[in-house]
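One structure below.
Letters A, B, C and D name the chains as they come in the text, with residue numbers starting at 1 for each one.
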Amino acid sequence: MSENAFLTVTDLRAGYGGARVLHGVSLAVGQGEICAILGPNGAGKTTLLRALSGMVRVRGDVRLDGADLSGRSPDTIARQGVAHVPEGRGTFMPLTVEENLRLGAFVRRDRRSLRGLRDLRGRRGGSAVDADLERVHTYFPVLKTRLKQVAGSLSGGEQQMLAIGRALMLRPRLLLLDEPSLGLAPMVTQELFRIVRAVNEEERTTVVVVEQNAHLALSIAQQAHVLESGRIVLSGSAEQIRADEQVAQSYLGYRV
Amino acid sequence: MRVSAIGCTAVTASLLVALAACGGREAAAPSTAASGSGSGECQGQQTTGITDTSIKLGGIYPLSGPASAYGDIPKGIKAYFDYINAEKNGIGGRKVEFVVRDDGYQPPKAVEEARRLVEQEQVFALFQTLGTPSTTATWDYTNQQKVPQVFVATGASKWGSDTAHPWTIGWQPNYISEARVYAQYLKQERPDAKVAVLYQNDDFGKDLLGGFKKAIEGSKITVAAEQSYEVSDPSVDPQMRNLAGSKADVLLNITTPKFGSQALAADAKNTSWNPLHIVNNVAASITVLKPVGFPNVQGVVSSTYYKDPNDPKWKDDPEMMLYYAKMKQYAPDADPTVPYHTFGWAVASSFHKAMEAAKCPTREGLRDAMRALQNVQVDMLLPGVTLNTAADDGFPIESMQLMKFQGERWELFGDVIDTRKEFGPLTN
Amino acid sequence: MSGPAEVTEKAARAAAPTRGRSLARVATARRQWIVMAVLLAVACYAPFQLVPFRVFQLTMVLVYAVALLGLNLLVGHAGQISLGHGAFFAVGAYGSAIMIDRWDTPHLATLPVAAAVAFALGLALGLPAMRLRGLYLALVTLAIAIFLVPLLKRFEAVTGGSMGLTLGKPVPPAWTGLAEDQWLYFLALAVTVVAFLLAHGLLRSRVGRALHAVRDNEAAAEVMGVRLSFYKTLAFAWSAMFAGAAGCVYTWVIGFVSPDSFALTLSITLLASIVVGGLGSFSGPLLGGLFMMFVPSISQDVNDAAPGVIFGLLIIAVMYVAPTGLAGLAGRMTRSITKILRKE
Amino acid sequence: MAGFLQEIVEGLGAGAIYASLALALVLIYQFTGIVNFAQGELAMFSAYIAWQFMAAGLPFWLALVLTLAVSFVGGMLIERVVIRPVEGAPELTVVIVTVGLFIFVNAAAGWIWSFLIKDFPNPFPGGAIEAGGLSLGYSTLGIMAVVGVVMGLLYLLFQHTKVGLGMRAVASNPSSARLVGIRVGWTLALGWGLAATVGAVSGILVAPLLFLEPNMMGGVLIYAFAAATLGGFDSPVGAVVGGLVVGVAETLAGAYVGFIGSDLKVGVPLVIILFILLLRPQGLFGRAAVERA
């Protein structure tokens, strides 16, 4: 863990209504790192991500590059460059693939003009957002062929790619991924993780990934935290966690 | 089902509160027991709600819901009573207190309010219930309780012709008589008229239409087409198109104000069909014609029995000047040009006269007086229109005068038609 | 919009300690019966203490409560929205009125027939209507409510057309020594008690459980083998039956029926009242009936120039204070009061 | 034959009126999943505001622009002040709040402006185009044109602007919309404002024909419901087509089917709704997956 981390979380508590889910979670992630959050079902992994993006009310301290994020609304946090790919992908089903992607850049201010007006004049290209569309296409070539298609008609793997692509459209400083492998074939999952790794390396995007498939997550992460019953029970580098066979058995439920 | 003890407790509690608030049944027993009685020849008669210095009346009107427009009537009544209370020492020294309740044009609500007024407010009489349904729902009760239900605001004929309800009486010319006036006019002007009828599908429309059909029996006048509409309809344009298809040469427009305007506008718009347009009294106000545009309603025929406050003809009429002055003074928020206010003023004046005519200041006295009115002059009625009733005649106003719209106002024409003399009494 | 928050909350509630629950339930059940008995005793005593006008008001509260009981069954327990409840109320009212008017049927004898007619009609309309969900069902029932008024006027020979029918009221038997208003009240009370017991029984049966399953999760209920359309149609018919019974008592009490008394306003007021009273709870219909009876008068006392302004505001205000209805509010208040009392 | 065609034309005229209100209904349903019972009354209130501006001496078009602006702000305020407190409550609670709003607005209009009808100027000339025995009123034509333009503007807004894209995102997936940084609360308020504006257009179109009074929109609302159901509650285009179909069907039934006549023609929307729903529950233009209620 680096001294002046990019993302610091201190004594984070969160829950729904009367039910407390997180009981004081602290962690730090350095700039450009990939951090994996592991743990059994119901440990609070998803809640942790939702707390980071402002979807649930929190107590405690969350700082991104020194800026206080705790208690902010999701849109404010998104404006700070935090992109959250929720569990279940959060696809805008009736909208087209392109519209889904452009929504990812909704809060960016560096776009030059309104997309629609350009479309009316029949011209396109030129703005930073369009450049980013191209960038997403290089990561996910399949999306390019489906731009005008309704997002609801995509396969599960394609929808996951769309969700990540949508997050990249924000040019995020912090990318939160919730169970990207859920319901996908192993081949597709591996491809996804490869791309996440590539994004992280090429764009120095900090990533926090929640994953059931610990093996896969640890293969791309630099550090990892194991969450159980709303508390961090183990932290360390990806190698350390992977090497600790006992940990692997008791918390991760698999043999290395 | 979740039987919630808590909820039950809440219900019980509210019931108990209601119980506690109301006092015992004996404390406020039905009106007859609690009422005092008159003296002298009025011995043994009911004096609930009346003292030597006061008289309490209750009225039920739709102040909410779709018929709220009529909620303006009690404003005119209140202004009249305020005026006579302040300047004329009330009715024979008795100051009038007028309690108005809202029934939203719903019969069950009208029953509730009638009972409230009679049993709780202990009014002397119900002075006006509005609408045929509300009045029908309450008149068994008022007659059972022997409470006068005076000058109800509906033109159904049963208030006058029914003999089982001596405590209830109407006021305005009944719809059937009005229909007879139009029929007679047509017999003279267009003896072989083909008539198209637009009517509101309720008691009012049916009564007028039925009366008209009966009145043209035996003449060469025929009803060529009839179309009804519901109060909930957005517009009567489709009905008007269907009527236009009949190519009738007379249109009888039996509507309430909004639909009256729509029908007049539709008639004006259709340049290929130009029937003689007769609009019934309910929708004959200047306020109905004005939105259609005066040039579009030239030559429209109607009939009336009271003075339209918008008609410049009455500008120097002393009754009209008094009305304007006192409305301004006692009901500054109400617009005196609204004919409902005028209606209220005239009916309040009628009550004034009827009460003055009562031999005994008792409910029985009022009951008898309201069926023994002889040529009683009332404020704001047309010259020549007076209140006349008898033991077998429960229709106070039975005279109307025809009028034709010319320029920017109604021009009365012909004589005041006393429908009773002219056509004989109504028989059911 | 039910977020995951709601789901988690439900889960948390479900996970609450279950020990001692059954014991507590027995105790609550006993307390409930005691409260009910007290309530009934008060209800029987009230007409001897109140002026006839108040007795009449309470009678109408009971009439509305029976109608709302039916609506509660449909909306609160089966999760289907009806904007046409007033139509079935009208069917019951007219059914009774026509029998009394044409064949001089004794008043009491019209009740089962009116209820049965409403039930049958509910079943017939429910068959197609219940293939629809939520909003669409609401719109179909809305159209039924609107259509009924001109329909009643059309069949003038039977219904008296737009003039309506005026009828005599039931005469109290001499042996009771009751006044007319008291007799009417006790008739309404009897119908109410029977209706509540019937509804109670219905909901505790297999059918009631099936309805709850339908409400909570239609898809899951179907998977579990609940014959969806059958139970939904049945719920619709029952709800119509209660409305019909209420309409019948209405005819006895008011002695006059006319088509415009059963306009759309009635249906909407009924729906608003049951939501205000509290959906899915036992006391909801009673509280809703009280609301329907008394709040318009209160509105008028506050502002007699425009009672609707106050009435509208009161509906909104109640929904703010008690989003789950007055029954829920009463429950919350009692709970917090007991909590405070226990702490001290 | 000409008579038949004429009835169709008249039906389209009536249908355009229903369509204009149905558009407003559909807008709110799209964003919030609730049916706004007060929509017609808000439209009526807007028409009164326009009337008030004109009574103060403003020319029609200026009054129109001001009214639309006031309605937009008013719609947003209603969402923020009246609807927001019950956000998250059961849907039916929200629907009942709109019923309360209905009663309130209706009574308030009567209180302020009385229940007597008001004279409302028609922005379109009075005559009619006569061609081949058919007569097409300028005002019918005008209404259809305005409804068409409103629909076109809505289409441009939704399909070709960032705000519109954001609104559609909120309609389809509110929590995901929140994650991409859209202010969902404000977008909902925007939806209400937009619906109120469209409703205001409807009210101003309707007022000269039906005559302005507080119960003006009550009858129209039912037909607008039918139109929206027919077209699919999530489709603005559907609402307009639905309105036209309902208008024509109702007019033809009233004119040609003897038994129905003018008194039972309110039954036509009922039959249409029933048939459409049984055959195609999502409406003509709706998507199957949108049954939210």
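What we mean here is this: contacts are C-beta pairs under 8 Å (C-beta built on N, C-alpha and C of every residue); 3 or more make two chains touch, one makes a residue touch a chain.
Source: prediction; values computed, not measured.
Each chain gets a centre from its C-alpha atoms; the one nearest the centre of all protein C-alpha atoms is D. Set against one another, B-C and B-D show the most C-beta pairs in contact at B-C. Most remote chain with respect to subunit B, judged by CA-atom centres, is A. Inter-chain centre distance (subunit B to subunit D, centres taken as mean C-alpha positions): 36 Å.
Between the Cα centres of subunit C and subunit D there is a gap of 32 Å. Per-chain CA centroids place subunit A at a distance of 73 Å from subunit B.
In subunit B, the residues that touch at least two other chains are 64, 66, 68, 201, 230, 232.
Shown for subunit C are the residues that touch two or more other chains, namely 146, 150, 153, 305-308, 311. The multi-chain contact residues of subunit A, meaning those touching 2 or more other chains, do not exist; every residue touches at most one other chain.
Listing the residues of subunit C that touch subunit D in their complex gives 1, 3, 75, 81, 128-129, 131-136, 138-140, 142-144, 146-147, 150-151, 153-154, 268, 271-272, 275-276, 279, 305-309, 311-316, 319-320, 323-324. By the touch criterion stated above, subunit D contacts subunit C in their complex at residues 33, 35, 37, 82, 85-86, 88-90, 92-93, 95-97, 99-108, 110-111, 174-175, 222, 225-226, 229, 233, 263-264, 266-267, 269-270, 273-274, 277-278, 281, 291-293. The touching residues of subunit B, counted against subunit C in their complex, run 1-12, 14-16, 18-19, 22-25, 28-30, 63-66, 68, 100-102, 104-109, 111-112, 115-116, 118-120, 132-133, 136-137, 140, 201-203, 205-206, 230-232. Note for the complex: subunit C touches subunit B at residues 28-29, 31-32, 35-36, 38-39, 42-43, 46-54, 56-58, 60, 77, 146, 149-150, 153, 161-164, 166, 169, 199-200, 203-204, 208, 250, 253-256, 258, 260-261, 263-265, 278, 280-284, 286-287, 290, 293, 296-297, 300, 304-308, 311, 326-327, 330-331, 334-335. Within the complex formed with subunit A, the residues of subunit D that make contact are 156, 159-162, 164-166, 168-169, 172-173, 175-184, 287, 289.
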